[in-house]
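Below, subunit A partners subunit B and then partners subunit C, in two separate complexes.
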Partner chain A sequence: MTVHRRPRSLRTLTAMALAASLMGLAGCSSAGTPAADAGAASSPRAGGTLRVGIVGGSAKDSLDAHSPVTHPDEARAIQLYDTLASYDVDHKIQMSLADKITPSADAKTWTVHLRDGLKFSNGKPITADDVIFTFQRITDPKNPMAGATALSGLERDAMKAPDPQTIVFPFATAFATFPDIVTQYNAGIVPVGYDPKNPVSSGPFMTESFTPGQQSTFVKNPHYWRAGQPYLDKVTIIDFPDDTARVNALLGGQVDAIDQLPLGQVNVVKANPQLKVLESATGSWLPFTMRVDQAPFNDPKVREAFRLIVDRQQMVEQVLGGHGTVGNDMYAPFDACFPQDVPQRNQDIAKAKELLAEAGKSNLSVDLVTSAAAAGLVEAAQVFAQQAKAAGVTINVKKVDPGEFYGDQYLKWTFSQDFWFTRDYLPQTAASGFSTSPYNETHWDDKQWTDLVNQANATTDQATRCGIIQKAEQIEFDRGGYIIWGFPNSVDAYSSTVSRFTPDKSGIPLTSFTFRNVWLNK
Partner chain B sequence: MSNGTPTEAITKTGAAAKVQRKPGLLRRSLKSRRTVIGLALTILVLALAFLGPYMAPHSPTEFVAAPFSPAGTGGPFGTDNLGRDVLSRFLAGGQTLMILAVVATSLGVGLGALVGVLAAYRRGWLDEALMRTGDVALAFPQIVLALLFLSIIGPQLWLLVLMVGLGHLPRVARVVRGAALSVVERDFVKAAESVGIPRWRIMVKEIVPNISSTLAVEFGLRLTYSIGLVAGLSFLGLGLQPPTPDWGLMINENRIALTISPWSVALPVIAIALLTVGTNLVTDGLAKAAIGSDQGVKE
Partner chain C sequence: MVAQTKTTAETASSGRPTTENRKRTGGMRRLLLRRSMFGLFTLWVVSLVVFLATQALPGDAAQAILGREATPERLAALRAQLHLGGSLPEQYISWLGHLVTFDLGNSLAGGKPVVQVIAPMLLNSGVLMLGSAVIAIPLAIVIGTWSALKKDTVVDHVTGVVTLVLASLPEFVVGVLLVLLLATGFLHLFPAVFVLIPGEQVWSNPAQLVLPVLTLVLAVSPYIIRIMRATTLEVLESQYVQQARLKGLPERTVIWRHAIPNAIGPVAQVVALQLAWLIGGVVIVEYLFRFPGIGFQLIDAVTNRDLPVVQILVMAIALFYVVVNLLADVVTLAANPKVRTAQ
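Then we have the complex of A and B:
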């Protein structure tokens, strides 16, 4: 599973969502801990060590706040570095190190105000200078970090600190998604002079030991700003490249929680009273990607025909074992502006055949390049190949090694697949919708759509922006290059001795790896 | 035939040896109970693999129930990771393994025999060159070489066959050379050379028939390895592409649910185990019978 990480981490260059309205965010106060906890029956208990088995990891594992690559990297970054704001379990932005993020009227300037009394793990106060250093480090043109592309409009040399708790971020153009960008886990705040090999922490834990590709141990940060948190004394994160080993470690009690429980093991875990399954509906998606600039998909009729071939309910049932929801060829389902009134596209083989005949592509034969880069990709390819037979379309499934999938040909395959975590519409378009986007798998370059999205990015009024976004989504529904058949649930597992893991819409496992909220009942 | 020319004498001797050896080898090997059991197991699995596709209750790619349904739901052995009937996929998934293993073995044993006989017959620098090259090739584990090339070029069936077959080549060549060395020194070979019979003809008509028992044993042994290797490479995703049913692939796709839907893994594992045990027993029987067949040459 290490293979899918490079693109995913790079994708997190862009923000996940424009969750709250810009004006609504202004003056938003601190929220602290998330809301309800499904599993917590007791009050928090201090102490203990949480051992977590996380998929993947390699000798390239890193503690760098701004370039997490593997899943364990992400988990470590979230323990070590707090961000200015963070998502709650409902994918709404809540303030974190900042207590206020305010846009100017034209959304070209954003002002961030830090909380009082913030300190790094070494006792040094967290100040505006550290925040400026952080974002200058992320956007360093000589060594751009994972979040750099999303912040390409930031005038990095013009950032100012009017006082030690206030930072002004100027942008070249209106930048409505700023709060989402600073909420990403790859935008953690680090001190001036930060050394990733000996990191000083702004998050709930600090490093005790770290062995790349194996495991890392973190201890409580005594200067952490959230009262009483973290509850745990220690967190040990163990890399598990193999699904079976990870599940066996949980079953055998060597770890207290694991991410990405394989579908085949859900019932095994459910049958064990000592274990619990943590399932969250998410906005993650596993699209088929059709290159709109190459035959046969340069004909919109072929694209529509392929979308009509898919039996989406069967996809969810067979690929996800029912652990997911049906998609309608539009992404960002948790976006406040997501169009709810677009009719669900269902399988229509007769219509698909008709469209293919009109396009002169009856009895089409197409290679579908797939890889085990994410759970469900290879399975979805097989189900689609089976469904396509009914329309007289032959799908030749070409399973390649994940290294090859994300190699030189990545983003060049004519018909392939990919995966994305939960994002709102505008941040997602920045990642994959523009001709200049880093992950435009479908080579989508539609002028009418581009104009609309640019207009939406510069619009601060939410109602107006939603209207524009819905028009853009409609264009993608009509003639886009994605087949979005469903949104898989995130399924993790943990010991019943652990409290406070909560379903979370982000798609990031184990409640977005926020172990500061978790305590042990043993 | 009565004038006693060397050619006739050789032909007569060779023919007599063949007549005695061929039925003798088979008959002798079948006298052993283990050979009969091995043959029965092999025929059983072969019959399953080749007749299975016609007996499958569903298409191997048809979705019949929820993924990993237990035995009895969707089919007598439950369903696999995509909700397809395990029995149907099992019945449809063995044929390719058999064909690939037999073709790869034939290739490896055929080329290995050629190299071995050539080296034994020509000796000299050619023998040295072929055998030392073989030594170098033997230094690399067969599966590592196969993995290397399949990873570089991509999973292609022709490459799979080639890699498995070529992996056998140096091993077969070494054994065949050893067996052929004792044959090339025999008088009938020298006699054939003295009357000007072409060398290729001597190799094909005089030497090869006299090492056929060795070749038969070697074929059986290499076939056993081929089955394991092809199934192993399929398991690693370097064989047939999904959704094609294949025993190795089935094991890989479903192993995560071994505890709740064991048949999708157990059936192909049992079949591969029976087949390898079966071919091994037959080979063992042939090897034992072959000890007697050497005497035919001496006569």
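Then we have the complex of A and C:
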């Protein structure tokens, strides 16, 4: 099978194959299956190179399994490193390198059992020692990795390997969300002595070349544990800091798939018979963050008023072009425990004015700090400023560049925004809900809530835990610091020669970048 | 004019200049020396401005690199790795010292030596600019002259309108229109973006170069065409051209020996300005086409607060500006006997 590098050759081949099949001469095409059959192909085909254009990327790109810093780094990490467990498209945890993850009764000790016959790309077996090395590397106090804060309760020196396939993880306190934490893409398993400059992989592909800010190529890992996978011989990941260039590359046939299709381009792509749009409802959220410890938001009435100011439907229409669902100031909508019976909060300007008057904050004027750090943030800020006028509130939208947004003031802005991918409730609270959490943008520190969530973390019985989580969510609905107006869909696009991209709830584009599931019909 | 050219040639070959010639070349040398000194001074001022401007950017490299992953622990660890810190004057002097001795240090973002990071980018942008200049300049001079010779004909009017329209369009608009026309929308002739295969050079796949080069050619040519037309017209109406015509010289000789050399002088200045613009223009064009050059690199480095790379790239651009303008001075001087011999 030839590798299509030139854009024209791909288009021409497709066109030729189409013409040939129409004329009943399908056998003549050297490119394999005629493109006309592409959509119908049901069984995986081996071989070929998938070229993917991904948002962002920079000279700071890294292949480090535990420290992805750019968005394409996430895509690369998912090709190179498998985790102990992984999310399926419904955001349910499935076992991956591990075949069993079991808690002790008090959820303070977790035991992980590895599958039989696992191997790294260099042929060495994946053992308990490698897993211990991985988690010690992540939590190294001298050089903590991205996943370190979530694992702050891990007693890293007391991890044990009773046998080469079993690892015991002891925690200082009950830690019900352990399976979620080891499922994150930044917790990939690496071998003892791992060197990110020359990475050995445990995932479906291994590195062939890597040019930061430009592109990277990955070839099939012959020792990968999933039978028959990956189907592709090769994956090329190309960085695209610019939206226009990324879409043009897809339209011109230089790449087979792109993530984050700009909303203005959705209809252009839909109109093209050679391209497909992949749209997934997600639990990603773009909240406004109100600091509950600072005026004017230290008054719960002001927070409620601001939540009543938002016209959520209009937000979804204008900011997301309708590609999203309305939010109800509570996160983790795909959590099995998410409360379904809380009435939807709707825009109510009269009530908002009344609450502001009660709080003595009529004719309020507030700065809203925004940045193009994620798609839709700036637009949401502007729409909110418009909507607030009706309630007599003046919102001064202050746009700063991402460098400043994440600079010294990050997590200290009084009224700002942030973005999150899909998470279940408890892992999300660990990241942003506690006074000790790394990303507590709202400075939320509610005694009653904290007790409830700690209690939920120590509860392994699902039904009991759900009851507690629902109470905690109710507290956030009543007096929390987030305005959660909606959950954007992830919208990607790909060539119809590619099979098996499926909608995925994670918020991570292109079916969570699981290119091992994908094959080419060309 | 002809006589003067001869004298210069004699001077060069004999190596024993006459008093008069020594005066002339000495004047020119002094002028060039003064311009060079001024160029160096400009570079120093630029270095100061660049340094202060980059320091004034909010947030440091550690924050910019980690983004929202910047927990206090990880920030501290990365800052220690990157050796960030020290007072401003200290940092400036140490940086200037390293700059002068070509010890450029390491990129903060990738950890590689700055030279390794920017050398390929400079080469790539150089190829792009050279390609554009080599096509645009002769083409523009020919079209400008032609337009002047055909003054008030259809050719002249069409050239006038087209150049005016192109000159008024920003280069990214031209680029987007070209992509739409030749790559994704109407025709599918050329690749819409540049994808560099590792291990290959930018010129390995020339089809990818067509659209970026064409965009730059269309961006710089109009000004050169218009100034070439204007100066040619002016020269054609001058007394010495009329004199040459009255002497009965063939029109070809009149144009190529008498008119064009005198029209080139002012055009050289515009060409230099356009070349200098090119190095700025490539920033936007490279971003649009995802071309791996200095512009693409510069935007990335600013976002990352990768100061060593930003500073060197801006200094390289400033150096290019200064050198191009110096060359333009030389050409102007060489083309204009009055300026050349001025004391």
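We take it that the second predicted complex is superposed on the first by the 481 of 522 C-alpha atoms of A that agree within 3 Å, B and C clash if a C-alpha of one lies under 4 Å from a C-alpha of the other, contacts with A are read in each partner's own complex, and residues count from 1 in each chain.
The rule is short, and it goes like this: contacts are C-beta pairs under 8 Å (C-beta built on N, C-alpha and C of every residue); 3 or more make two chains touch, one makes a residue touch a chain.
Quantities reported herein were computed from a predicted structural model and do not represent experimental measurements.
Superposition note: with subunit A as the common reference, subunit B and subunit C can be accommodated side by side. Applying the stated contact rule after C-alpha superposition, one finds that A:398 touches subunit B and leaves subunit C untouched.
Shared-chain residue A:386: touches subunit B; no touch with subunit C.
Once chain A of one complex is fitted onto chain A of the other, the partner contacts of A:339 are absent, as it touches neither subunit B nor subunit C. Using the contact criterion defined above for the overlaid structures, shared-chain residue A:196 touches neither subunit B nor subunit C, since it reaches no partner. Applying the stated contact rule after C-alpha superposition, one finds that A:300 touches neither subunit B nor subunit C. By the touch criterion defined above, A:146 lies against subunit C but remains apart from subunit B after alignment on the C-alpha atoms of chain A.
In the superposition on chain A, A:407 makes contact with subunit C only, while subunit B stays out of contact range. Look at A:244: by the touch rule set out above, it reaches both subunit B and subunit C.
Considering which of subunit B and subunit C touches more of subunit A, the answer is C.
The gap separating subunit B from subunit C in the superposed three-chain model is 5 Å, by closest C-alpha atoms. Judged by the document's definition of touching, subunit A residues 244, 400-401, 404 lie at the interface with subunit B and also at the interface with subunit C.
By the touch criterion given at the top, residues 5-8, 11, 58-61, 67, 69, 141-146, 148-149, 209, 211-215, 217, 238, 240-242, 244-246, 248-249, 251-254, 373, 400-404, 406-408, 410, 418, 438-439 of subunit A touch subunit C in their complex. Interface residues of subunit A, counted against subunit B in their complex, comprise 243-244, 247, 262-265, 267-268, 314, 317-319, 321-322, 372, 378-379, 381-383, 385-386, 396-401, 404. Interface residues of subunit C, counted against subunit A in their complex, comprise 57-60, 63-71, 73-74, 77, 107, 109-110, 117, 176, 179, 183-185, 188-189, 191-193, 195-199, 205, 207, 287-290, 292, 296-297, 299-301, 303-306, 309. Across the complex, subunit B meets subunit A through its residues 61-63, 66-68, 81-83, 151, 154-155, 237, 241-243, 254-257, 259-261.
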